[in-house]
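Notes for the one structure printed next.
Note that the chains are named A, B, C and D in the order they appear, and that numbering of residues resets to 1 at the start of each chain.
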């Protein structure tokens, strides 16, 4: 931490800052500039609240030096974390694709979609049973019945299940059916929930908050890691900006930025990041070209009748075409799409 | 809902949209423009997902007409909602002031601050016992011990307690000590929590999500109202923008906007909205001048030693000065600050 | 400037940074932390591009210490700058109000509005003759004919003229008619134009870019000041955020922030900052309560027929009411509205 | 345009709206819903200001139906515009790459860089002679001397020159040396400048304003097109968001969105969109994978000594590697990089 004193700060003010530093068990290092005095605080600054120092007399501003996360950083763990689950590897050379409907709506729906996305090369089945909806009047999901259908469809097609958990108390229930917990964008800083999945024995797909910085995403991952669960995937799903033509703005910069800052796998959700299905194909290619380890994509057999997110859902045929195109991009960056064993019905 | 067809949409495409509308139980109304055909959908559009219609063949875009919230709207309830609690009225002519530290840190701290803010005119004591902190390594609050101290300090000074609840399972515990539940900015769309406080018998101070629109704030209130709890106060606490000089940007427009859209009381949090204590005084005055029904302000007796949010905390002396200045503004808009009965120790 | 070296940076890397610092004529000051080495660069960092240092081997990041503006800062000029012009003082105890239509449309229109706003207490007449319009098909302003009408209406009512100048080549023409040059939000970083008005002998009303930071606004002012024109007023006119209910978000924090950072007068434009006339009254009060030195407000005698910005224009009657309300706020912060000498027709 | 009346709007209010519509020469079409009356306005709405209608009595809100741009739209011109210039095609199957330093600094510098980028496959030389700098104290460019050096270096290597023009009066001078005018991000809504380049006989590279929507970018292009210059390329260069880790956020969604909305070529500037050279390679690949027609990239032979934008400049070796990688992506989307004829020195 570096403390910048105001121009004309008095000796007494500098002295008070130094005393405060020592009182807290740190060492100080003074540097006298032409216009300003700068004080370095030596020691692990992570437990400190840098802003609190700004109100000491004579202080102009305070600059944090260390990254606030540790376990999530590449410095701490230089190699890529590869999460292996029933033969599916996430974070290695293969590109993993998670696909399925926004919401589980019926046995027929989830079964049809599961078969279609599996046939096209997806290895993980996504689908919501507990839905965070902006409106209390909108469809809230099928609950446990939906979880059962998801599990059944995944088992029938040889896929893994990834689904959202919304409250700490639901963690045990969802764990009965899911292979991977999804933390939704609105819950990225729901610390009770991060704590709960941090103590559970399931990998976590952590979606970036729609207005969270890259650093805040890494801090949310740090919560989970610091509670003992090291199998965390980060998901860029679009951020909120002034642009209104698209639902969100896919922060493609975040993909290589995260790959350099952390060892955790990075997944991209082009469906939510655009909100328009005609943009999903191009942005899926972009995500893999930029270094993403996987994609999570909404697919519905009748998007116009979907109970949620219809506008951003691909049909199975569109999804199959996307997979072929993305596969070519994967090769062009020396990676490959995870291809499933053929399913024998 | 209005559906705009693309230029050159065929009769077949228009026919398919009409059929879909009728299939869902609505009536259609066609309007033929010079360049476009427009189809009005007649009926309560709230359960519909407008975006799902955008993928029908020939549709260019879909425009929602009705506001998605109902119980929270002024049309539904034209008069101001006034919440009365132990003699304190919120939403009427008086300006209510909630003040106290970011976190409860010790009996001495909370007692000293409670006496100071009460003496200056605050009627509600704020303070965190469960703290949502960005870092897992930062102080997470005293938990139930903190709640007890808050209650004790409030009772000793004749104040009400407002404190944050972070998870549905904590609602009964917090209800034992608090008069008002606070839903924090990171939990504004934590629907499990909104559901839980919607069923509890305590007023709720609902903070706007740091990147939530005014409409989303009203939809979050609608969740609580629709579960039976009508005593909701909305809190503008600053939104996230590109500006980095301040911690957030106080959306002062939201104050008169909310007062026109909803009947619920509107509180402003200038401490979080600025993140700098030297800006709290001026923005508190602005909030009341713009029509806010109350303020929630961080006060600490030793801000430079605060375990959280020190930079935005006022000293008791600064707070007392702010109260005198805000009181003059309140008079200039024909309102008044709630003045406490003198406390006899 | 402070250079933070990566954890594990080698002696050679540190040496190369030190050599580079000395090569550029600065002095270095090393501070060895527990995890990081930090190097202070001593000397005036303003001509340096801090980002360029980030690519030196072993450097993690670079932090600027000095404010990049000088002439605009309060440190350079501790007292408020008060601009006096034909008896109108801007930046002193009085609140100055500039009012008028978005565009000059006809002699009758500007004359009627000028008389109305003058009678209500405005001392400066605003109105556009050259209009920056998003669409090439929208009304682009009356040009010089509009300037003449503005001057005529202002002279007839004893007011000053403030109007926008859009290109360096138009500066001499506009100077013939205007008392104050307005630089619009889209031109805040049009450096050719800032240079041109910096050399002209007229005060400048510099509007904040709709997505410019407070620091960038001060840097734009610095351009004008550094070319010799010291009579600059800053105008907060709303910033672009994710909120769509209002046209812009009035950054009320910027008012006290600017008053502390700079000596220049601060004007607020609630018309553009909200885009809705029903919010102009409340936000005008807020602006003055927060410390603004003046307001600039759109008024039209027939807003529903205005050729631009009708939705945010007040009628003369609404404006007169606003002035009475703002006047009460001005008194509550120990200031006063500039009241005109009665006009004898 | 669709006008939504408030719930409970009176017959008189509806009548007044209808009368106003007819007075302006449009036809009205009424649709009576369950809660609201909706009025369609039939005719070309482009010259209308929709917001002005919102203040008519009884009107709740007004929704624009037509896109405000015409010449720039794909409906107007369904085929891609391909701009051909000295054998270089922009907007066709080839990916065009523009490369060079941020600023021209000396003959040796520009000559060395031109040869390097040409050898790696770039066909257009970029470089600033007039620089828009945030600080008046920063290097402002070499002016005409810089233009001469650019031309000389481009001619010596068989490249085209693209360079920024900042003011209408500079257009003739820059036209003497440049093949393509660049309009910078800060000038995207400098209408005097758009007008001037609209009348000039040179293609234009129009950079998106850092906080401009996709629609505003297309409207800025419409200005140029409507003044007779049809050779316009659009450039996505990153938008301003709350994220601070990167200088801007590359809006990758905008690439396929623009390709569907307009026939004009789309170029991506990964250097400014990230501000960090270690992110330029990955985002260049992403841009081409998403459908961009070209890239504009900053290259400097000594980035650490660059007078501007050093942090985002690649070395010639890094650029050559990027070109090889992007070329593989181009093939994977059935396009190819423009390869230069070998230069014989």
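Note that a contact is a pair of C-beta atoms (placed from the backbone, for glycine too) under 8 Å apart; a residue touches a chain by one contact, two chains touch by 3 or more.
None of these values were measured; they are calculated from a predicted model.
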Length of the shortest touching-chain route, chain B through to chain D: 1
Remotest chain, chain C as reference, centres from CA atoms: A
Rounded Å distance between chain A and chain B, as computed from the means of their C-alpha atoms: 26
Whole-Å gap separating chain B and chain C, where each centre is the average of the chain's CA atoms: 31
Where chain D touches two or more other chains at once, by residue number: 211, 240-242, 244, 276
Residue ranges of chain D in contact with chain A within the complex: 211, 213-215, 239, 241-246, 249-257, 259-260, 273-274, 276, 278-279, 281-283, 285-291, 325, 328-329, 331-333
Contact footprint of chain D on chain B as seen in their complex: 2, 4, 7, 29, 31-36, 38, 40, 42-44, 63, 65-66, 75, 211, 240-242, 244
Residue ranges of chain D in contact with chain C within the complex: 20, 46-47, 49, 51-56, 68, 132-138, 166-170, 186-187, 189-193, 210-211, 216, 219, 222-223, 226-227, 240, 275-277, 303-313
